[in-house]
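In what follows, chain A forms one complex with chain B and a second complex with chain C.
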Partner chain A sequence: MKPIDPITSAVTKGASKQMEFVTVTVAGQLLGLPISRVHDVFVVSEMTTVPLAPGEIAGLLNLRGRVVTAVSLRRRLGLGDSGATERRMAVGLENHGEAYGLLVDEVGEVLKLDPDEMQPNPVHMDRGWVGLSQGVHQLQDKLLIVLDVDAVLAFETEREAA
Partner chain B sequence: MSLDLSTPVLVVDDYQTMVRILRNLLKQIGFNDVDDASDGQAALEKLRARKYGLVISDWNMAPMTGYELLQQVRADAELNSLPFIMVTAEAKTENVVAAKKAGVNNYIVKPFNADTLRTKISAVFNG
Partner chain C sequence: MDDLLLEFLTETNEHLETVDVEMVRFEQDPNNEAILSNIFRLVHTIKGTCGFLGLPRLEALAHAAETLMGKFRDGMPVTTPAVSLILVTLDRIKEILGELERQGAEPEGSDNDLIEQLERMASQEPSVIEAAPQPESPQTSGQLVYQVLERELRPGEVSLDELERAFQEAPGPEKASTSGSLTYQVLERPLKPGEVSLDELERAFREAPGPAPIVIEKPAAPPAKAEATPPQAAKKNAETSDSSEGGEGIAGKVQTIRVNVDTLEHLMTMVSELVLTRNQLLEIARRSSEDHGYKVPLQRLSQVTAELQDGVMKTRMQPIGNAWQKLPRVVRDLSNELSKKIELVMQGADTELDRQVLEVIKDPLTHMVRNSADHGIEGPAERKAAGKPEKGTIRLNAYHEGGSITIEIADDGKGLNFAAIRKKAVERGIAGDAEVERMSDAQVAKFIFHPGFSTAAKVTSVSGRGVGMDVVKTNIELIGGTVDIRSEQGRGTTFTIKIPLTLAIVAALIVASKDQRFAIPQVAVSELVRVSPSSEHSIERINGTPILRLRDRLLPIVPLSKVMGLSGDEDANHGFVVVTQVAHQRFGILVDGVFHTEEIVVKPMSSKLRHIQLFSGNTILGDGAVVLIIDPNGLARMVGSGADTNEFQTDAGLEQTVASVEELTSLLVFRGGGESLKAVPLSLVTRLEEIDASTIEWSSGRPVVQYRGRLMPLVSCDEELAIKRQGMQSLLVFSDGEVSMGLAVAEIVDIVEDKLDVELLAERSDLVGSAVVRGRTTEIVNIAHYLPMVLETWSRKDRRNGPDRSLLLVDSSTFFRDMLVPVLKASGYRVQTASTAQEAVRLLSNGLQVDVVVTDLELTGHSGFALVASLRADPHHSATPVIGMTVKPDPQQIALARKLRISEIVSKIDRRGLLSALAELNASLEEAA
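Showing the complex of A and B:
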């Protein structure tokens, strides 16, 4: 796959075709969320755990009467919790009118990438990850996995179907 | 005041990712003239150089905070009627009260979504 320099790419190809992605990191892996699906980035302060909730749900955030479901992207990707006790970052998303906070290790910058440069998922990618990925972008020094937000938040549907 | 989507909007935040997200949300709402500044001082310079119709500013920034920017804007005869919305992670009553006293038009507590942003902006322009 041809490496892409996002900055040079943005300058030489023009902005109209580019898509913006909010980048996040989980267990050292760079992942991208289409900016059109992201409405906020925030620090998680207090979270209430939910007994018997699906494992992907880390808890509920009750924000002035508005309930936001905190979903662990680590668990959604089949990874264990980081055990980190420092501040937890979340990306605010919505799906079918429900508010979600997607817990990630870190939130990075916004990258502009050309959709035509997106590659299919690598053949060796974990099956669980393939279902959550729209494809990948090979950046200069790392691989960016483009997350399918609908799929990431469809864990309950998956469970019902199983 | 009525809401005009062609009005220039200035987004002020020292966190570039949040600036890009806000710019995108404003674009989704229909605003097509959105500019940004990375702190209160830079915002003040832009506000004095061009006529904006709305400021959406983060509270926590350095060297000049959003609260200090608000105070400066309200103390400036040329800018004191400029609609100003504050975005903050702090829901503390004393902060809300301080911002209200300083003349903020509306206050958004994180996390928020496009609908909240749209509603808060509409409330500023439509009362």
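Showing the complex of A and C:
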């Protein structure tokens, strides 16, 4: 039985080429994270803000006894904060042995996409986003931006809280 | 990376470490067969493994080194250059291994340079040896090796040197097989006349015609049979001691297993989680009143967890010897480089401490040992001249004490040069000339911890760059430790480091600032003070900087919320001040609330947040909240840079020696009208205030302000200075019980401690005179001038004592008389004054009747005691109560006072004490009446 892929209409030639992505939404934009980098998805309840921290860092979270650094994807993309304060969702990532939680507006489903179908960043893409995006996928009715997880988590910490 | 390769790297690195240490030992004890065998075996193993794994460079190096070592085993002389060459080779091997670890393959390059040298050394060619740090001539001033006899020469015996010479001169077979150990031994005594050093012997030997035998034969040859027995016996002694030593020499194998560090870390983390969860459960159990039968098992669980915690902590413990391992080599290399003789003694190497802590102190220890070798220990000639043994000793000593580990680094060198340090401190502007003169040697010693401080005349490659000691101190203090230094000129210097045994779990005080909780490590907290505007402890401002007066000491206050950018509220005066001491700075952290102390598991900050100096880590509290841990060091650093509060950040010790009551007075310096500076003794000032001028009410042209529920009149300190009607008005508040007066000033400048030396007396009554305060001419204000102005108009004091009481005040100081008179008057006395004992006596004998005599005990001319004595002798006044005033009461005075029936002795500047003493007297007088 062929796996039914609701998004890509093309029959997959060699299922091994497909990669799975966890989709998230930030300010209406759909983004995808390679599933291999995603450890878990959770709801954020209590968060401790860190004074003097860089703007992208929303705070610290306690996830099953582990201290997780919460990074706001909104801020990372240069967008303002959403008004919502309850039920924030976060995607758990790991980088260089440290735990991070990427704060997003919503978490969607897992999609299987063919990496060959990935297209380069459109020319009009916001410059701040270009560095964080590996490319885009043309889905049925919208564009999915493939996030480069390492790039997202590699922001400068040298500048003191300006 | 390949598992096999990883295993190889770990093992080989360990072997190299061992060979390193053993080489140094071997050099000092070349007779020791056991050490040599051990080294040889290890190098051989390394070579074998390298060959097996296909690592040609390493294999070649190891092989060449092994060949040379083999020659040693065959009896070749062990010279310093040879040992150095091998050590250099080991270093090269380590380098290659490092690259191998990083790249996964041997780096490109050729080691022919070293290999050639090694081969040459092995074949004993007399060519110049190029081992880097060694001088050319074999007659180094470093370590000449002689022969050692384990006992005194018996009559008829000759020294081994003489034997060698005899042997060499005699014709004989070239190559006798030699067996066993080497001929180079250490002579414990200086050369006797006629003896030559073995090196000279060597040279002569090589220059002698004939085929050069590879080795010097053991003098077992027949011509020297009789003489052979002593050296043989000596050798035997050496051998037996060797074998017994050998047993110790090779590390005794303790039952151990190798565990990956990551596994241990994981275990530690899990146990920490367990501890936290246990805390949570305990918290819940505390709060709930019902017992469903789980409380007892919970207790047991708690106990087990605590033991598990202890046990796992132990796995993180390593003996401090691990940090000391490299030091013998370092000292050896330094001795050669500096041409000094230095011995390193290590005691307590098996004292254990946490791995993390070990990492932190490794470098500081090395640095201090290098310092001792470079600056502390003198050269052999200098030492001899000073009557010390030529060999200097650096001693390391480690032991447990309480919850911490103490490490001492002591040397018997020349000690700190206090004069040079003083000079340097003045040069660097760290302290003034006068200050350094006043400081004790112990305090001066602390200057070496100052950044950039180095008294080394020139910078050597070893030390002298002046970046060391302050970094050492900072690193140690970062982990909650302390460094101290004791030194005696000519005798030596000792550093003492105290560090907590472990960093993982720490007691912390939970505080809140603007609704967010933080943790402050308990070790940093000296005390807690509650502050509020109406309480005794209230935050005042000087130059805009918040200050708390705590028991006559000034504490700079750091509002935590402000530092964190959480609030812009400048005038916070509510909450708690956490008094903390960082290095030698005492300051207070202002927080909004204080909760409790808790044992927390310190978790390191995320790499993205590590740069924030304010926080040293984070933790999860019993209720699951993530809380940041404040680093008082970091806080001090953040605030210290730029803040101009250096006046108050004095060394506690400095404060004490400098502020002796007799000499110095605390003066509050302020500006009146114009540019002139004025000052008033701080002890007279009740409070410093800054009020909104719009709250000042003007009643019949006189300014008044509501102050603490009462009306306080205001007076300007200078006729040129008008009291503001708008904006902020700075005030000095003087109160006397219920009556207060506000002295309006233009600007509060500073608080200084200085000698109050009034040089010019003023003609005006509002000034006592002029004095030089901190180099500036300052007018000393006479408060007494102002009080009556205020009191007469506004006095609310009802004369509780019906009849007027009269009082005679005797004091040589006009200043103090003028200060006390209004005070006494306000208390309801008619005051008569006298400036000398004679004047007082005259007044009294002329018929003056007083109810009380208040006299300074240290009058000019006749002392107060003399006055009282004459009073007591006079029948009119023998019963008159006397209150004595003095600067600093001492037992002698008190005894004398009692004899003369002086009712009480109070401090001169303690007005309240004086008044209460008077009040007591009143009470007793009334009773008597």
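Criterion: the second predicted complex is superposed on the first by the 139 of 162 C-alpha atoms of A that agree within 3 Å, B and C clash if a C-alpha of one lies under 4 Å from a C-alpha of the other, contacts with A are read in each partner's own complex, and residues count from 1 in each chain.
Definition applied: contacts are C-beta pairs under 8 Å (C-beta built on N, C-alpha and C of every residue); 3 or more make two chains touch, one makes a residue touch a chain.
From a predicted model like this one, the values you see are computed outputs, not experimental measurements.
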Touching partner for A:T49 - first (chain B), second (chain C), both, neither
second
Check the residue A:A90 against both partner chains and state whether it touches chain B (first), chain C (second), both, or neither.
first
Looking at A:D40, would you say it contacts chain B, chain C, both, or neither? Reply first, second, both or neither.
first
Let me test your reading of the model: by the given contact rule, A:M118 touches which partner, first (chain B), second (chain C), both or neither?
neither
Is A:V110 in contact with chain B, with chain C, with both, or with neither (first, second, both, neither)?
first
Partner chain(s) touched by A:M19 [first = chain B, second = chain C, both, neither]:
neither
Does chain B (first) or chain C (second) touch A:L143, or do both, or does neither?
neither
Mind pulling up the chain C residues that touch chain A in the complex?
273, 276-277, 516, 564-566, 603, 606-612, 614-615, 618, 620, 624-628
Under the definition above, what is the set of chain A residues touching chain C in their complex?
46-54, 57, 59-62, 65, 67, 69, 96, 98, 100, 155, 157-158, 160-161
Once bound in the complex, which stretches of chain B touch chain A?
15-18, 20-21, 24-25, 28, 89, 91, 109-114, 117
In the complex, chain A residues that touch chain B
20, 22, 35-36, 38-43, 63-64, 68, 90, 92, 94, 99, 101, 107-110
